[in-house]
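Scrolling down, you'll hit the structures one after another.
First chain A sits with chain B, and in the next complex the same chain sits with chain C.
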Partner chain A sequence: MLKYILKRILAGVISLVVLITIAFFMMHAMPGGPFSPDEQKNVPEVILNRLAESYGLNKPLWDQYIDYWNNLLHGDLGISFKYPGVSVNDKIAYHFPISALVGGIAVVFSLLVGIPLGIVAALNRKKPADYGVLAFATVGISVPTFILAVLLLLLFGEVFRMPIAVFHSEQVLSYVLPVLCLSFHPIAYIARQTRSSMLEALENDYVRTARAKGVSELMVVSKHALKNAMTPVITYLGPLVAGLLTGSFVVESVFSVGGIGKYFVSSVSDRDYTMILGIVVFYGAFVVVCNLISDILLAIIDPRVKLDK
Partner chain B sequence: MALLEVQNLTTTFRIGVGTVQAVRGISFHVNEGEFLGIVGESGSGKSVTMLSVMHLLPDYATITADSILFDGVEMTELGAKELRAMHGRDIGMVFQDPMTSLNPLFTVEQQLTEPLKIHLGMKKKEAREKALELLNEVGIPAPEERLRQYPHELSGGMRQRVMIAMALSCAPKMLIADEPTTALDVTIQAQILELLEALKQKSGASVVMITHDLGVIASMCSRIIVMYGGTICEEGSATDIFYDPRHPYTWGLLRSVPKISTGEHRKLIPIPGTPPDMLRPPEGCPFAPRCRHCMRICRTVPPPQTDLGDGHRVACHLMHPCAPKIDRE
Partner chain C sequence: MSAYDRYNVDIPYKDMPPSMFTVVGVSDDGDEIVRPSTSYWHDVWQRFRHDRLAMIGLIILGIMVAACILIPEFSDKTYDGMDFFNSRQPPSREHLCGTDAMGRDLFIRIMYGARISLAVGFVAAAINLFVGVIYGGISGYIGGRTDMVMMRIVDILTALPSLLYVLLIMLILGSTVQSVIIALCFTSWIGTARVVRSEILRLKHSEYIMAAKLAGAKLPTLLFRHLVPNAMGPIIVSTAFLVPSAIFSEAFLSFLGIGIQVPMASWGTLANEGQAWMSEMPWLLIFPVAAICITMLSLNFIGDGLRDALDPRLKH
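== the complex of A and B ==
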């Protein structure tokens, strides 16, 4: 087990190195830059040059790459280009918890709604409840977040007259819309996945064995079948947690949540080199860790999964 | 005395293209303490018959019966909860494939102690003690260790032993074994059969063994029911079935058993043709299309049961006094 975890962490580190390298060179390969004269038209060229010099952008690319690694290994993600004097570390440390809280609630909510929906559908196969869940799941998977977000705004703002304009992190009501919006797609996916794996599990011989032992229907479903049906959901949990906890550009922009999600996009258009790389490193590491945890969880639930192989 | 008495049991499955008539109005009984064999080829309705008695079929199955009397209790009148109370306590069941019949995500202990906790109200520790005892009884070495293991860590034979231990855990009055040896290799088959025999002797429970293998039943069953096309074609003591069979299908079954003792190279003798399509079962005798002695009446009129005495019953028109006398080939 320990050996496996170490191996997976090593593999994760290697993918991070590759990820950073590709991101670094692609970023620099884009035409223009943070202080290119074409973009900063009102600033004299001399100043731009001095700015570039102070950020080390006039050095050869290779040296910049080495410098970045040097800082990174010291735990320093650098100073933001867009927000002078603010380090990327601080930026992430400030904005990530907001995203993580909203995303964390969304993860729990998705599981609490998606799994029961899937079970209800499976137990009522080919009945109205099943068709209802399937219809919802199809809509949930196919409607893009930005449309859903706007529809939710319309519904809650216009119809229910809820205060939606500003996000207050200490107000419970503020979390309703972003959480709903974030969990819509996962709920649909989890419900569908649970339904199909539940149906499959209920067909198994061991379910018949359990019934032949006199196990109650509730226990047959919630113990014998559900545990087996949960394995695909757990596999999906890794990427889901990573995706939701690190925030979403669309959801955070629409509901003005001050999370880290918006920097995924804005840092690129801002040419905020350190911010781009900082977010790549952070997100990459997060995905690696989340996947590792979901794999370990899977091995705990299903003893046939051998981690060392 | 009959422990289980089934009258006119019919089981159908609704599937997309129609209704499969898996069991077509059969009546039979299981005596107390007897070893009953139910033989027939795949699709003859032998497993479905016992699963119907247990109400363990999927919900697209429809089960009707005039009466299913088990130990004085009319099972057709019982609700789901009362039936469940009988499952595992009064009737234990062992299934064909021990690879898939045990839940892969629970340990042997968790699965083995479940019926003990449900039916006998045992607490964890007590159930564990009993489980150890049961594993010993079914001949599993190092039971302490086995309890902690998961099904995939056990061999096929071990798993079937666990299944048997589980089915017998609450000392049921009847054990249904649905092809318990089919998925095992030959040497293990013999061991499992010996074990079943020994446990039956010890507990005095009735055993219903469902199989397509006459060899399996020959050595241990006292009474045999031969099924074909969802009906019972012949029923009698093991001696009747093996030494005085009357139904052409039973003849065919016996002839098709491979013999290795004769020493000469002999071709296997199959029964020509295929089993009937149970979506549209034949009007008359289900075996008529494959029967060498088929008469005109066989194709249109289902044969009545002829009682030859001593519980030997045959459903064949050849039993009619006016039918031609045909000797067993």
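== the complex of A and C ==
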């Protein structure tokens, strides 16, 4: 087990190194730059050169790359280009908790709704409840998040006249729409997965044995079938947690949640080099850890899964 | 020589000529194939045809494709034709989906948008299919160290959400249809490659592969003539779901304002514009959004139908 974990961490570190390298060079391959004279026409070229110098941008690319690594290994992600004087570390430390809170609620909500929906559908196979869940799941997978966000805005803002424009982290009501929007797709996916793996699990011999022994239907479902049907959901949990906790650009910008997801896109269009790399590092590490945890969890719950294959 | 000779046993009527015997209880008719033989693909089509949702999806998609090819050709309106006397019109007989603030007819813009969105979807899926089959095929067939290295590369690429790559590529290449397609293809072939690889791993020890190898078949022949056709089912299913996901990604990019640029308009661009006018002219939002949702639904229905038809064991 320990050997497996170490191996996975090593693989994760290697992929992070490669990622940072790709992102670093792709970023510098983008036409223009934060201080390029073609784009900043109002600033004299001397000043632009000075700025570039102070950020180390006039050094050879290779030296900049080494410098970045040097800082990174000291835990320093650098100073943002867009927000002068603010370090990327602070930026992430400030905005990530907001995203993580909204995303965390969305993860819990999607599990609490998705799994029961899937179970209900599986137990009522080919009955109206099943078709209802299936229809919802198909629509949920087909409607893109950005459209859902806009439709929710239209519905709650225009029709119900709810205050939607401002997000207050203290108000419970502010969380309703972002969480609904974030969890819609996962709910649909989880319900679908749970339904099909429950159907499969219910056909197993041990379920028949349990029923024959006179175990109550509730126990059969919750203890025997469900535990075995959870494998695909847990596999999905790793990417889900990683995706939701780090924030979604659309949901955060539509509902003006001040989370980290917004910077994911805006830093690229702002050419905020240090911010882009900081987010790549942070996000990459987060994804690697999430996937590792979900794999270990899977091995604990389902001993049939061999960790070191 | 009688038929009993090879048994080398003493049968009393051994020397009797076969003409003295009559066959009892077995007729030659039983072996005759009365019904037309059904091939695998015929079977698949039969199963697909009886999937009502999938057929509805296919028909809607067919209408959509025909409409977006034909209607702009025979219409006097264009996607950038402005008519300031008829701006901000709600849907009417003249303007089926209304007009926007510059008097452009929304219906025709949606039709042009359909061309872009559907083209992006199908072209991206085709490129993904091509790259995925070759990458996954080589990785799975050669195996060993090559396979490990190729799969690690893929793992590294999928460690980050593809949106980040897409953004970087879009900014390097600029906002054109081609760069949208290139950006979308950058990581999405990986799913197909993984499917192909696992299928090839399963099939490569089959007897017919051994036979082909003994007959001197080279890698391309083995791969494209023997292995890939037998793995076609899962490959088609994974490609079928690539089309809606590519359309979705393109719409998303355009919605963010980094995809297709105005006055050209994909559905994402239109939805983005519509969002700004949500209160005053809700039709500008509703029609493009409906177009996206209906298309996504039909494509997903088709994908589900294909999956059930190609691999009935998966069906629940």
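Quick notes
As a working rule, the second predicted complex is superposed on the first by the 309 of 309 C-alpha atoms of A that agree within 3 Å, B and C clash if a C-alpha of one lies under 4 Å from a C-alpha of the other, contacts with A are read in each partner's own complex, and residues count from 1 in each chain.
Convention: a residue touches a chain if its C-beta (ideal position, glycine included) is under 8 Å from a C-beta of that chain, and two chains touch if they have at least 3 such contacts.
No experiment lies behind these values; they were computed from the predicted model shown.
When both complexes are overlaid on chain A, chain B and chain C end up sitting side by side without clashing.
In the overlay built on the shared chain, the residue A:217 is in contact with chain B alone; chain C does not reach it. Residue contacts after overlaying the shared chain place A:264 against chain C, while chain B stays out of touching range.
Shared-chain residue A:42: touches no atom of chain B or chain C. Shared-chain residue A:206: touches chain B; no touch with chain C. Chain A is touched at more residues by one of its partners, and among chain B and chain C that partner is C.
In the superposition on chain A, contact of A:151 is made with chain C only, not with chain B. For the pair chain B and chain C, the model built by superposing on chain A gives 10 Å as the shortest CA-CA distance. The residues of chain A lying in touch with chain B in their complex are 204-206, 208-217, 224, 227-228, 301-304.
Put simply, chain C touches chain A in their complex at residues 152, 155-156, 159-161, 163-165, 167-169, 171-172, 244, 248, 251-252, 255-256, 258, 271, 275, 278-279, 282, 285, 289, 292-293, 296-297, 300-301, 304, 316. Considering their complex, residues 54, 56, 80, 84-89, 92-93, 95, 97, 100-106, 114-115, 118-119, 150, 152, 163, 166-167 of chain B touch chain A. Of all the residues in chain A, the ones that touch chain C in their complex are 11-12, 14-16, 18-19, 23, 26-27, 29-31, 125, 138-139, 141-144, 146-147, 150-151, 153-154, 158, 195-196, 199-200, 243, 249-250, 264-265, 268-269, 279-280, 283-284, 287-288.
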